[in-house]
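Below, chain A partners chain B and then partners chain C, in two separate complexes.
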Partner chain A sequence: MTRTLRALLGACAVGALSTAAMAETTITVATVNNGDMVRMQGLMDDFYAKHPDIKVEWVTLEENVLRQNVTTDIATGGGQYDVITIGTYEVPIWGRQGWLVSLNDLPAEYDVDDLLPAIRGGLTVDGNLYAAPFYGESSMVMYRTDLMEAAGLTMPDAPTWADIEKAAAAMTDKSKEQYGICLRGKAGWGENMAFLTAMSNSFGARWFDENWMPQFDQPEWKATLDFYLNLMNNYGPPGASNNGFNENLTLFQQGKCGMWIDATVAASFVTNPNDSSVADKVGFALAPDNGLGKRANWLWAWSLAIPSSSDAQDAAKTFINWATNKDYLALVASKEGWANVPPGTRTSLYENPEYAKVPFAKMTLDSINAADPNNPTVKPVPYVGVQFVAIPEFQGIGTTVGEIFSAALAGQKTADQALAEAQAAVLEEMKASGYIQ
Partner chain B sequence: MARAHSTRRKVVTTIAAWGVALTIFFPVLWMILTSFKTEASAVAMPPQFLSADWTLENYATVWARSDYPRFFWNSVVIAVGSTLLGLAVAIPAAWAMAFVPGRRTRDLLMWMLSTKMMPAVAVMIPLYLLFLRFGLLDTRIGLVLVLMLMNLPIIVWMLYTYFKEIPGEILEAARMDGASLWNEIVYVLTPMALPGIASTMLLNIILAWNEAFWTIVLTTTKAAPLSAFIASFSAPQGLFYAKLSAASAMAILPILIMGWFSQKQLVRGLTFGAVK
Partner chain C sequence: MSTRSSRLAARGMVAPSVVLLLIWMVIPLSMTLYYSFRLYRLLSPDRTGWVGFNNYLWFFNAPEFWQALFNTLALVGGVLLVTVTLGVLIALLIDQPVKGQSFLRILVIAPFFVMPPVAASIWENLFMHPQNGLFAALARGFGMQPILFLEQYPMWSIIGIVSWEWLPFATLILLTALQSLSSEQLEAAEMDGAGAFARFRYIILPHLTRAITVVILIQTIFLLGIFGEIFTTTQGGPGSASTTLPYMIFKQAIAAKDIGRAAAGGIIAVILANIVAYFLMRGLGRNLDA
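On to the complex of A and B.
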């Protein structure tokens, strides 16, 4: 071998080794388009400074499209995604299926015990944490302080449904297009059924008894639906059966709703003076109850998880640790202020005196703590989930029942007809799925 | 009298045509207007037309948040690639069906069209598995193939209709003069059918450009076209209509311009054979 050839081979070997040392792992993160996620993409310089060997590619999709794509990919072992944004509904189902990687081995500085117990409980299956919460939310009452004052009423911090009805009646003035209450009516398991299922919990209703028998023929569901339809028909906006989160947000921001019961994340939108005409006239209260020990608030978290098909699980864990630990919250606070920190995941955030100054912080925490996904209802149930039932069939039956109830709100059928149809539809599906023999 | 009647008829027809055209175009116009409004103006009730707060901020935000040129280039490659590949397959097929039809040609054409009647989602999992097995997930070549197959029935049908209008005697004369099959298709048939081929091509580029099921299901980052770009600006919670409109306007603008310049060929292609 000539000297030149040896030198060339040596150079090649050194080159190859140094390339290996500098090798970059690319991870693909699938996410939804919301303010907190977009903000994180803007703070990636911090991640790259700490982990120059990991490159992050983003795929942002609409919620239902994301769910479909990720489900397809995991079910077929595609390995297209290394980190996925996942809701509280999917975590118990996918975790049990073995589709997600356990996050029990995150480093000690992650401080898993700092996670809010209600949120952590919803993301844990058989002692395994399958997703790290990025932000958590519940639902609460947002109301117009000026209209309440004009009506001579005071909203209690923890109102009952009777309080809500009284306030709605007092604030409604249809001649001025001012409606006492705005609630979800658009059909969908994550739209009107998220609200109505949480509401039904406070009326003592449940989707199924311990033997998976549907319960829409029981008096508790009748009381729930009668109250909802009465409230919306008398004091709600016209065309409410088409209103979901975004439609109600628009109505509230334009000053057309006296009250709106919806996700705690809405608080930052309705108090933002750039978009809201009532930004300085909004008060907050816990979701209502009926004195039965359960409130009508839900629990949801957008979390980060690793599909078992990922071939870059270590890099994915590094990313999740960065995006959901305490340092990230401090990073957001330093760049964008405490009001913009992703809420609802960590106890330490709510112990921080700076964060306590954010107007809706305490009510958000109280609302989250008032929800228990493992014991969501007054009577015992065989399922996990506050505003959903964590079984794979729920997307289908939830949307079917949502369509029936939305039609009832539109005046196309009575409450009794709607409940009978819902009972029949769910019973058929549960029999077909083998829950009921 | 007859002239007055004819003029009145013309006026009525013109007004009706404008009415229909504006009704069809209005959603696009509204989307473009919305893209220049603030989020608060975009959702204002009653809708704001001239009194809105106008801004370019949505375009700046959308541009800053996404790698638009990459999405755009992927769209170009996928739409043009799938159309050219489709033409390469469809021209010989349509030639055979138009000039040397067999007993089952008509059935074959109907069967090809029937594949368009199946909902795409029905074959999602099998196709995803095939793509996974052959390493085609998130690749432009994979999308070129799938969109070509998806639009092939339309391409074949359109070309078949065009070719049927060309007298077979001309091709026969070429054959008598000693032209090979290749020369017959390339030098005789293709130049004569060029307007038809052009309109078929334009229509299929538009169809492929606007495709938003497979392009979203089968891509993640590298091959994602403008349909995925639009999808990334839809949000479950919060105001996003103005930004979504800006993203949509940016996605349709290139194809809108192309359609504007080639509308003559397009209309000709779409109405061909309608009046006989």
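On to the complex of A and C.
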């Protein structure tokens, strides 16, 4: 008798537990291991206090591994993740392929009109916002104020490529291992091609014409590559074909570079006195132009999106709204200070007088606003993207062309040979992919 | 004394593990074969279908393929040459009775325990780096321009790094073989008036043949698939100067996300490995027969 009673009680307890568990939704969030994303994981108490019925599991990965994992999961319909962290390259492609859930129905408090127009434009396909930006960046010139002064030059806020070359020549002193300019040379669509594609925009070059014909045989690309090779061979560090973001960051922090054109996020690293020997001697300027109306700066935003294979889309939307709205920025500011707020997504952040006190805040905003993913270069193009072409094939062809240009920088090929090879390789790939009949 | 029934029983006993091994090998191989004839790109999954030998043709027509093939063989051959030659010399050296011999042996073997990406990173940033590396500092000390190892001699640099990693393995095996050589034989030869070189040429080297064969066979298996060192240092560049076949397959699978081409590359690599193995076994295999 008592045994039956106990069993009944036990069954009731189990039943009560399982209903409680059913009310709680678990979402899996795949994210990149950068500082801003890791910081968010430390602030989750706020989310759980507001949404006790949602449990968040994190999968934190290095950028390339994240990209591989998420791409494989989404392409094979794996359904492993409910929220994924992706960039401005993936969003237009995946949105168009129906792999992402539209975020147009986020609550009014999200205030979608507050997003920076350039960033929002890069994440919207056919009027649907497919990802909520978490952090945005562009690129700009970082230069050594002391070396410029010693050379008797001043850096304009919006320099031209001629200004850059003049400054690079004046600051180079190879006997002291001091090089006028450090630029990316390591092959990869996210390494040297991010820089070179953005640079080519300012020279009026484009990857493809309106009929998807590769344009490496055009004079604009020749001008871009000639200028780049001349700059790097005369004023760049030796062995530059192996230098990517991290290598150049080290060289700049050691005081071996006069100028460095790279991501706006690097500004906080080179001005950090704990890591940088030149922290108090760095100035910032917009990425250079050539008087053609386009600047050589890129646009990137890590953004949160929901794969259509997710089975907890409402909970995922609740999470995205929490992680990317204005309250989150205020939450970070209250706990960690304004300098640590994820930059580059909202107009209201840059209108905030507290945030305006952060050095490089204005230059970051101006750089982001100067990029237009839908009209990246001077002539019309059939693609979206400033420093990339938002088509699935670009990871492959971007890397191939990056290798060819990297070989040209290493002196294995002339600029003409490199451009001819790039043209042939891209043309073949575009035919194989069915863009050109 | 095996009867027919006992042999049958023995076969029956071995069968499960043979079947398991077969499945272990056949399933991945047949899947790779299947995909190598398919158009299968992770980034545009709507376009699929049979493409015949197109994936293979793409490889053979790719300008970097023949270079990659040559680099793969150069890497294997170069590292074997360095490790076997230096391995014999170092084994002879540390076989001598000296003070602190056991400590010395540990020192010699140590590089083998450094993980490949770590070893490659150390070489890239601490030795070969054109601004911060030790070699650059030495060159400047002598008033010379630093050598741009990874830019101008990428394949030589990788052969150097991989040799450094595998030298301890060769040394270890050869040292063990040396220690099994009876000293009486050497003493007898010395009394008969054989010089140091003659003793090495006619007694030590023939004694080491089997050990050298083992070193060559085992190292070839591992060297054909070298990837981490290239990925960490040159990423196959500049251009495709240091791209090997495994690295080329990696680029198709991961950068281009083209599973069909990567699978075709995998099959080509399997065929290449079999050709190398065939010649190795024909040329060296008889050394292994007792």
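Heads up, the rule we're going with is that the second predicted complex is superposed on the first by the 417 of 437 C-alpha atoms of A that agree within 3 Å, B and C clash if a C-alpha of one lies under 4 Å from a C-alpha of the other, contacts with A are read in each partner's own complex, and residues count from 1 in each chain.
Please note the rule applied: a residue touches a chain if its C-beta (ideal position, glycine included) is under 8 Å from a C-beta of that chain, and two chains touch if they have at least 3 such contacts.
All figures in this text were calculated on a predicted structure; none of them were measured in a lab.
With both complexes brought onto chain A, simultaneous placement of chain B and chain C is prevented by a clash. In the overlay built on the shared chain, the residue A:76 is in contact with chain B and with chain C.
Of the two partner chains, chain C is the only one that A:186 touches; chain B does not reach it.
In the superposed model, A:369 lies in contact with neither chain B nor chain C.
Residue contacts after overlaying the shared chain place A:128 against neither chain B nor chain C.
Look at A:60: by the touch rule set out above, it reaches chain B but stays clear of chain C. In the superposed pair of complexes, A:406 makes contact with chain C only, with no contact to chain B. In the superposition on chain A, contact of A:393 is made with chain C only, not with chain B.
Applying the stated contact rule after C-alpha superposition, one finds that A:266 touches chain B and leaves chain C untouched.
Within chain A, the residues touching chain B in one complex and chain C in the other are 68, 72, 75-76, 250, 254.
Of all residues in chain A, those touching chain C in their complex are 68, 71-72, 75-76, 93, 97, 177, 186-189, 237-239, 241-242, 250-251, 254, 256, 392-393, 395-396, 399, 403-404, 406-407, 409-413, 421, 432-434.
For chain A in complex with chain B, the residues that touch the partner chain are 28, 30, 32-35, 38, 41, 57-63, 65, 68-69, 72-73, 75-78, 80-81, 190, 245-246, 249-250, 253-254, 263, 265-266, 269, 274-275. The touching residues of chain B, counted against chain A in their complex, run 39-40, 43-45, 65, 124-125, 128-129, 132, 137-138, 216-217, 220-221, 224, 228, 231-240.
If you check the complex, the residues on chain C that touch chain A are 41-47, 58, 63, 129-132, 145-146, 148, 150-152, 233-241, 251-252, 254-258.
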